[in-house]
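Next come two complexes, and both contain subunit A; in the first it sits with subunit B, in the second with subunit C.
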Partner chain A sequence: MSFLRITSPHGHSPLDTAQVMQAVLLATLPGIAVLTWFFGPGTLLNIVFGGVLALALEAIALRLRDRDPQRQLKDYSVLVTSTLLCIALPPYAPWWLIATGILSAVILGKHVFGGLGYNPFNPAMVGYVVLLISFPLQMSSWQAPRGLGEIPGVTESLTALFVPASYDGVTMATPLDLLRQNKGLLLDDLFSSTPQFGQWAGVGWEWVNIAFLAGGVWLIYRGIFTWHAPLAMLITLGLCAAIGFDSGSSESGGSPLFHWLSGATMFGAFFIITDPVSGATSNRGRLIFGALVGVLLYLIRVAGNYPDALAFAVLILNFAAPFIDQYTQPVTYGHKPTKEDDE
Partner chain B sequence: MNTIFKIHGGIHPDEEKQLSNPGTVLDAGLPPSLILPLSQHIGKPSSLCVAPGDYVLGGQLLAEADGMVSVPLHAPTSGTVVAIEPMPVPHPSAMNNLCLELECDGEDRWIEYAGCEDWRVETPDTLISCIRAAGVAGMGGAGFPTAVKLMARDRLPLQTLIINGTECEPYITADDTLMQVDAAGIVEGAQILAHILGVEEILLAVEDNKPAALDAMQKAAKARGGDCNVMTFPTKYPSGGEKQLIEILTGKQVPTGGLPADLGIVCQNPGTAVAARDAVCFGKPLTDRIVTLTGRALARPGNYRARLGTPIEHLLTVAGFDPSQNQRLIHGGPMMGFALESSAVPIIKTTNCILVPTEQELPTPPDAQACIRCGLCAEACPASLLPQQLYWYARAKDQEQLERHHLADCIECGACSWVCPSHIPLVQYYRAAKGMIKESKTEKIRSDRSRDRFEARQERLERETLAREAQRAARRAAAEQKAAAGGADDPVAAAIARAKAKKDSASDESANS
Partner chain C sequence: MLADYALLLAGTVLVNNFVLVQFLGLCPFMGVSNKLETAMGMSAATTFVLTLASVCSYLTYTWLLVPLDLTYLRTISFILVIAVVVQFTEMVVRKSSPLLHRVLGVYLPLITTNCAVLGVALLNINQAHNFTQSLLYGFGAAVGFSLVLVLFAAMRERLTVADVPEPFQGAAIGMITAGLASLAFMGFAGLV
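Then we have the complex of A and B:
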């Protein structure tokens, strides 16, 4: 009889790309749950609407590129992109905002460069930055968290999404905005005089960050990605914040804890900068990549002009990733310099 | 107890070792005929010393070693040589190679052989020639002639002999079984090899997933005296790779492009140690080995003692083979073994395992997806390479970057492909890229050589032209010099004078007549 000829290895680990993507989606659930608790069903609706749109766009793009949509849609990668983008968008965003973001992310961020695995930039962040630059007003209207404003119900959420003109929600400046605009108040006074500040950072935001941290730690435990980039980013962000803390004066940039638990910090550390395609590829490279994102994140937050800095920090470092790779190649077996070489 | 060092990377696939019931040796029986390839080792094929129609006894020499890096081949049983022609051999390319077909007469009559009485008093050279004469080649997989490896003693100072009983590939239990049934033979073989190499230290390495083998080895080492050190370490693939094992046991890395002997280390397989012992103590040539027959397509998997040259189809019948859809027949283990096209090929000195899995057991890989640069491969690589980058450059055929990323240090263990969530056959890309680089290097050598030849020719032609011109110039100079020295003695005037004189004398003669 004739036997099937396949090259070695003949076995395979049980993990495949679709499962990696599914694990990432699963790990966003705690964060999404907390976002929904504090800000209402807006984020959930964003994710569902964005996901359907993204799948449709991906299928069209694959067909136009002569690929097999049946097969490639099953890798779940486009759902990861759309979910991450929609988590970052303000809840109760109008449909056209989400659609523009998804279109930019999937087409401009991914397929223009050749699809999965070939994108030099993080697609979700491409979508986010396009929106932030084009629609700054809509992008900075964050719903007030539970306890500080009324949380919209499902009907209102649907109205906000599809008939934005007739929706009127309660929005509030986020703690990061408030801190940047602070003029003259000591940090303690700012925290006690402004209702948006909670125990360590912003009301709601601190729990959102803790939830994304939990999801991220689970992914590291599952071996989906390594700890290098997230840890490096959190360390440098903390260090920068410690340097800029200025004992909580009116000029203070905020405490390390405030920065760790504000805005998109944990979401970014575990779900955005860990994107393997657009990040650095060796573990040493990931340390450098994460550390630089942390520094940039702090600088843009404190000295920049945008509500949050993650997307810019990530895109700038995406540019640098191949350069980082060039200089962080691990020492191959048998290439360690020996004592004789040193002499 | 010596310290154990950690190596980078590695994976933990399902071991599946119990499937072949390590520790028991079954008899594979005598097939109707044996097929003996003349090249079962690395180096030049053996050169025949029998002809079709010859009757041979078991243990009789069939082919001699041809040159230094070669081994002889002996008859594994008695019978008649019926054919000497190219036949399919176990090789990834499914190629044919010169084989000798021996029709067994079933009587299994053997020649008489005898070994050294006490190897301790023999010189290393005598012992090496015993091992060489017995046709021993590395039985772990590569099949390098053992005698040649032992000659490292003449070139480099050696300190350590490692017996590599790691057997880290899933499924394979041939060495495990040998360590359980003949630990004393392995220890004695190791002592003989150490004696030849002139080394003091013997390390017997066993992975910690083989407690029975470890126990047997420890007992045997103790019984035979103190110079053997049995070492164990956590199970991880590919700890049994020679370079990896050396790092685990010594913390040192074999320099790139170098050999373990550069660190004063020689590695041998337990099966090779026993074969060396048999050669030295009994004069017995290497004519059989233990082969693990395993996989869920077999009703009776196990470790079988089989004669070299036994066709795999015979072994499959013995082990109760039940073929299924997409059936694969793998020579070696699931990580580094290669798929065979036909079961007509024989087992050879390096065959440690024949694996016949079912489709459920080792599914046919799905089509590869895009690389998402997740880096799991780099985490798994025992050589600390960046497989994701190598993949990129292999596809781009970028030789410069491939060399900068040390493609040559890839040991093709398959750990990267095993973990790749996109099912990319990474190792296959590296094999192809290595082939491409090798080819272009050969091409470069060839073109360099023809350029050198061309330049040499040009130079020679130029030299000859110059020499001719120099000669001409010298002649002219000499003539001019002569003319100058003669002064009035102008050659033209002289010639005219001579002609005139001749004419005058001619007219005189005519006048006289």
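Then we have the complex of A and C:
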């Protein structure tokens, strides 16, 4: 058995787990607000319903493992998981979809591995991928954004959540779907002929991404995580998009700006891959981790079968993270790197 | 032509990964993944055996079984040919290069009788691969196997220090991790 040897000096953060989690929750607020503005109250309801369920499941799991639920429930970590998952789920999803996702995330993604601090995969993304593979239809029906379709009210949203069959909303293909299915239209023509495309990316989506970017930058400013992983991911995603842009032909994979402001890019860059447990540990490792997520994100988005690729890219890199850590161990303070260091 | 070969290789390594997508070679995947070091030795041995087996079985099939009209004997003849070739190589390596034998030797007999090895040989025939394609398919399968085995070993080393609940300790948590990794690899579907 070999342990990772992260050597001194160990920096100490003045924040405890609960404060970090609170900051993350707070930073999602602008993104949630913009999502709610463009797609209606569905996301908010998802978050509330998912949060209650997640807290209950966490309490049960802690009770089963003879841990003190009081202490661990108060660190907000399960609320962060459920909130991140519910942001990623389509608004107006039926209750059983959310429940399955939360169950997979909290139990399969987290507690089976030993709870907070031990989960090798990002729990929210585990929940998302389980849902995406099991219920592709429900997972890919997104409400049309404000201006393109009617936004449901609160009552309608509640019925959509609890009486799934009765709800008949206006769903539309997302810009990423449209781009992938585009055959024969030049990119400029596609943008001007399809109402879902906005100024830079998709109507609504561009602002959602900008809001998450703002939240993420605030978190970096607060020192919750370092800039390495997000920046590396955004750079490689931009580079890949620039290479595949093809000057906007019908085969084009979309411009870098389009990819930065589409789907889950900013949400993923600042809220998912910065998870300190399932990501890489050292700064060099984070650079590699983020860069590879960016490459995979682009490849699966453009050529894969799924509506967005973030969850898969993250899970694949979570799987690779311990290996990345193994080879990016920081050098002991005061020593020069030697070959004998790797056993 | 070259692009086709590159796609075949990439497709075999990632999209149709032998372990996580086609579920072949699960026993060494679970059995030899407790330590990163042994996993690497196993990977090297597997790469050697799979590539060799793929080529040998292709040659056996094309130059022996098809001319003699004995294609229905392919399973048993592949087993024989692969076992003989690998065992022979192992003996040669043991006598000629003790160092290489220490690195590869112990894993060679282990992997020879594995389903991934026979799987590669039979899949080559099923998919009507030519010589170069068979070679690349065997090599790609091995690289894919090695990739996930090494990543999985690194992850299991970390899991040994995790506070896993008692009922899930050991093989159970390994299976769950492998399952989640398999879910992740489904994301590659459609890529090639």
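Throughout what follows, the second predicted complex is superposed on the first by the 322 of 343 C-alpha atoms of A that agree within 3 Å, B and C clash if a C-alpha of one lies under 4 Å from a C-alpha of the other, contacts with A are read in each partner's own complex, and residues count from 1 in each chain.
In this section, a residue touches a chain if its C-beta (ideal position, glycine included) is under 8 Å from a C-beta of that chain, and two chains touch if they have at least 3 such contacts.
These numbers come from a predicted model, not from an experiment.
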item	value
Touched partner set for A:16, first subunit B, second subunit C, both or neither	first
Touching partner for A:282 - first (subunit B), second (subunit C), both, neither	first
Contacts of A:113 with subunit B and subunit C, given as first, second, both or neither	second
Contacts of A:298 with subunit B and subunit C, given as first, second, both or neither	neither
Which superposed partner A:333 touches (first subunit B, second subunit C, both, neither)	first
First, second, both or neither for A:129, with subunit B first and subunit C second	second
Contact residues common to both interfaces of subunit A (with subunit B and with subunit C)	1-4, 115, 118, 325
Subunit C contact footprint on subunit A (complex, rising order)	1-4, 65, 108-109, 111-115, 118, 120-121, 126, 129-130, 133, 296, 299-300, 303-306, 309, 311-313, 315-316, 318-323, 325-326
Residues on subunit A engaged by subunit B in the complex (per definition of touch)	1-13, 15-17, 19-20, 71-72, 75, 77, 115-118, 223, 225-226, 276-277, 279, 281-283, 325, 329-336, 338
Of all residues in subunit B, those that touch subunit A in their complex	8, 11, 13-14, 92, 94, 170, 243, 247, 253-258, 323, 326-330, 332, 334-343, 355, 357, 362-365, 367, 369-376, 378-379, 382-386, 388-389, 405-406, 409, 414, 417-423, 425, 427-428, 431
Contacting residues of subunit C [partner subunit A, same complex]	35-36, 150-152, 154-155, 157-165, 168, 173, 176-177, 180-181, 183-192
